[in-house]
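Take a look at this one; I'll ask things after.
When the chains are written out, they are named A, B and C in that same order, and each has its own residue count from 1.
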Amino acid sequence: MSRANKIVIGAVLLILVTIPHVTSDYIVYVVTLAMLFSMLTASYDLMPGFTGPLSFCPAAFYGLGAYSSALLTLNTGMSFWLALPVSTIGVFLFAIVVGYPALKLRGHYFAVTTFFFGHFVYLVFLNSREITKGPLGLGGISPPDSILGIDFGSMTAMYYLILVFGIITVAFLFTLVHSGVGRLLISIRENEDLAQASGVNTAFFKVLAFSISSGLAGMTGSLFAHFFRLLHPTTFSWMTSEMIVIMFLVGGSGTIIGPIIGAGVVTFILELMRFAPELRFIIWSVLLIVILIIEPRGLAGMYYRIRRRV
Amino acid sequence: MEDILIASKVTKRFGGLTAVRDVSLAVPKRARLGIIGPNGAGKTTLFNLFTGELNTTAGTIHFENQPLQGLKPHAISKKGIGRTFQIVRVFDELPVYDNILIGAIAKDLHFTPSKEQHQAVEQTLEMVKLQDHRNVMAKHLTLSAKKRVGLAVALVGKPRLLLLDECMAGLTFVEIDEMLVLLRKINAEIGITLVVVEHVMKVVMELCERIVVLASGEKIAEGTPREVANDRKVIDVYLGDNKS
Amino acid sequence: MDLFLLQIGNGLIVGSVYALVALGLNLIWSITDIPDFAQGSFYVLAAYTGYFAVTLLKMPYLVALLCGMSLGAVLAFLCERFLYRRWRERLFRDAARVQLLVAIALFFLFANIANALWTAKPRIFPSYMEGSLFNFSYIRINVLISAVILFILVYLFIMKTKPGKAIRAASMDPGMAQILGINIDTVNSVVFSLGGALSGAAAVLVAPLYSVFPSMGDLPLLKALVVVILGGFGSVAGVLICGLGLGLLEALGAMYVSSAYQHGYAFFILILVLLLKPKGLFGRV
C-alpha cells in the first residue's frame, strides 16, 4: 500500500476515534450507521466487485444475523459475546446451503433467484409473528454484557465497539482480497471459463465468496440488533438491499475503499432526507439510475478513469 | 514410448445429433499430433471432451493411465492438461503478469504467491516473449499477444499435455512462424505433448508428426502428413465431388 | 369436493394473471436478455389508472381496462427507448448487469411514486358486473377468459403476422435478424409496449378482486419471473401452462399444506427446478 493511502487511512481513523468526544450524540448515531453500512457494503463487494455474480439479497443475511442474535439473547439468555459468533457462523453455513445451488445459475438467473430469496426471507420475518413479532417489531434487545467494566448501554461505547469490528472486517477483507484466494476470485470475475480451464474450482470459490460475504453481513446484523435494540422486518427488505447496491455502485466496485466511501456518502444523504421518507426511496432509485448512466463503476471508477487520462 | 492420452471409442450425442462417433486415438508422450477436418467435424467437441467441459455419452478417455470421465474441467486441468481456446481467452482487466500468475496459483494455492511461482511466471514471460508487456492490461493487447498470454497461462501450470484449439487463426504469416518456433521449442525442450486442432495446413504439415482426420464426427484417416495428404477419403471430404 | 373445485378455479384465475405478466416478461427477456422488473411497477400504475378512470372519470370498465393497458405500453416504451437502449450494444462487460439494475431501480421508482402520490391505503375498485356462476363471480371468470383471449391474440400475432415473425426471428438470434434487415429498434419498441400492455391488462383485471395499493405488484412480479424461468423462452404455450400450473399449485398448497407460506411455493419450485435443470423446464437459453 502506498504511503499516501496509509496517511489517509490514518487520518480517517483519527477522525473516527475522536468523533464521540467532539460532536453531538446525533452525529455519533449517524456515523455509527455509516460504519454499519460500510461493513455491509464492503462485505457485499466481495461478490459482484471481486468474484463477479451480482446478488440481490445482502439485506436478507443482515436480517438473519440480526434476528438470530436478538432471539438467542432474548430467549435463551445467551450472552451477546457468544451470540455474535454463533449467529455469524450460522448465517455463513446457511449461505453455503443457499449459495451452492444458486451459484450453479449464471448471470440473470442467479440475480433473479437472489432477489426472490431476499423477498422470501423478508416475508418470513414479517409473518412469523410468534417468533419475530412481525410488524410489531422485536424490541427489548439488551446491549452487550459489560466486559472490562465498559457499559455498552451508552451510545459511545457501542460506537467504539462497532468501530473496532469495522476495522477488523475491513482488515480481513483487505487481506483476503490481496491473498492468493483473492486473486483467484478476481480471475473468476475476469473470465470464469478461463479460470476453470486453468485449474480454479470456480464453483467452490464462488460459494466461498458468497458465504463469507453473507456471514459478515450476518455479523453486522448482530451488531445492529444490539445497537438499535429494536428490529422491524422492513429494515431488511429489498429496499435495504437496493441501498447497499447503490452504496456499492457509488463508491465503486472491486476496491475495498470504494464501498466505504459509498456507504459514507449515502448514509449522510440518507440522514439529510430523514424528513421525507417516501421521497427518499424515489430519490434513491433516481440516483441509482443516474449513477448507472454516468459511471457504472462508481466514484472509484471515475477516479481511475481520470487518473488514466492524466 | 507409452501413450499419454488414450481415447477409446469416444462418442458424444446431443439429443438427436451425434457430434463425435466412436473416435479412438492414442497420443504418445512428447508427440505432436494434429487433428484436422472440415468445419463441423467435431474437433472442438472432441477437445471439450478431453478437457471435461463436456461428458462423453460413451467411450473412455485416459490421461497417463487415469480415467478422465466425470471429472470437472478444473480437476482435469490440475492433472496436467492445459488448453487454449479457439476464441482467445484472457483475464481482460488484469496485467499480463497477473494473468500468468493466476495460471500458477490456480494449480498450487498459497497465502501469497511463492518466490518459485513468481520465477515460473518470469520464465514463462520470457518464453512467450512478453517481458516488455508485463504490465499491460490484457484487453489492450494485439491478437497475437493475447494468444501468447493464453498460452502462457496454460504453460506456467506445467502441463504435460497441451491442447491447442486453432491457435493460429487470425495470425499473420510472420506471427504464425513465430508461434511455430515457440511450439516446437515447448515440445522439444520441455517435453510437452502437443495436440493441435488446426485449419492452417502449413502449420499442420510442418509441425505435426502424425495427423488424425475427422469428418462428420468420425475418424476417417490417420497417419503421417504425407500419408494423410494423399489419402483419397481426406481429399474427397475437403473438396467434395467437384473436381475443381 | 366443492371446496376442491373452488380452489382449482381460484388457482386457475390467479395463475392466468401470473401468465399474462409472464408473457410480457418472456417476450422482453428472450429478445433483449433483460429481466424487466419495471413491469411490476407498470402493473401498479396501470391499476391506479384504471381505478381513477372508473371512479373519477366515471368511465365504463372496458375503457378503464384499455387505459391501463395503454399506460403500461407507453411507460414500457419510454423506458426502453430512453434507458435500456443505451446499453443495448453491450459495449462494456457489465452492460447486462447495468440493464438489470436499471430495471430494478425503475420498479422501485414507480412503485414508490405510487406510494407517495396515493399513499399505502388500499383503494377499493368498484365492481363492474354483478352475479356469479357456481360460486365464481362473473368478475372472477372474466379474468380467466380475458387472459385466455389476450393469450390467443398474442399467439396469433407472434405466429401468423409478419411483425410477429420478425419478433420471433429477433428472439432466436438478434444479430442475424438485424443483418437480414429487421429493424431491431422497432422490434424492441413493439415488444416492450406489448409487455407493458399485458402487465397493465393483468393489473386492471385483478384490481376489482383485491383492491389497489402500491405494493400490489411485488408478488405478481416475482411469480411471473418464476413462470418465465420455468416456462422457457420463446414459448407462448409454455408460459400459459406454467402460469396456470403455478396458480394451481399455490391454491392447492394453501388448502392442503399451509396458507401462510403460500407465496413461498413459487420460490421452492424455482429452486427445485433450477437445481435439476439449470436451464429451466422448457429452457432454451
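FYI, contacts are C-beta pairs under 8 Å (C-beta built on N, C-alpha and C of every residue); 3 or more make two chains touch, one makes a residue touch a chain.
Remember, it's a predicted structure, so these values are computed and weren't measured experimentally.
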Would you identify the groups of chains that remain joined by contact if chain A were left out?
B | C
I'd like the most central chain, judged by C-alpha centroids against the all-protein C-alpha centroid.
A
Mind checking the centre-to-centre distance between chain A and chain B? Centres are C-alpha means, answer in whole Å.
43
Find the geometric centre of each of chain A and chain C from their Cα atoms only, then give the gap between the two centres in Å, rounded to an integer.
32
Chain centre separation in whole Å, for chain C relative to chain B (CA means):
47
Quick one: which residues in chain C touch 2 or more of the other chains?
none
Where in chain B do residues touch two or more other chains at once?
92
By residue number and range, which residues of chain A touch two or more other chains?
none
Going by the contact rule set out above, which residues of chain B touch chain A in the complex?
51, 72-75, 77-78, 83, 85, 89-94, 98, 101-103, 105-107, 109-113, 150, 153-154, 157
Residue numbers of chain A touching chain C in their complex, please.
48, 54, 56, 101-102, 104-105, 107-109, 111-113, 115-117, 119-120, 123-124, 127, 239, 242, 245, 249, 278-279, 281-282, 284-286, 288-289, 292-293, 296-297
Interface with chain B, chain A side, in the complex: residues 178-181, 183-184, 186-187, 190-191, 193-203
The residues of chain C that touch chain A in their complex are 29, 33, 35, 37, 83, 86, 92, 94, 96-98, 100-102, 104-106, 108-109, 112-113, 115-116, 218, 222, 225-226, 229, 260-261, 263-264, 266-267, 270-271, 274-275, 278
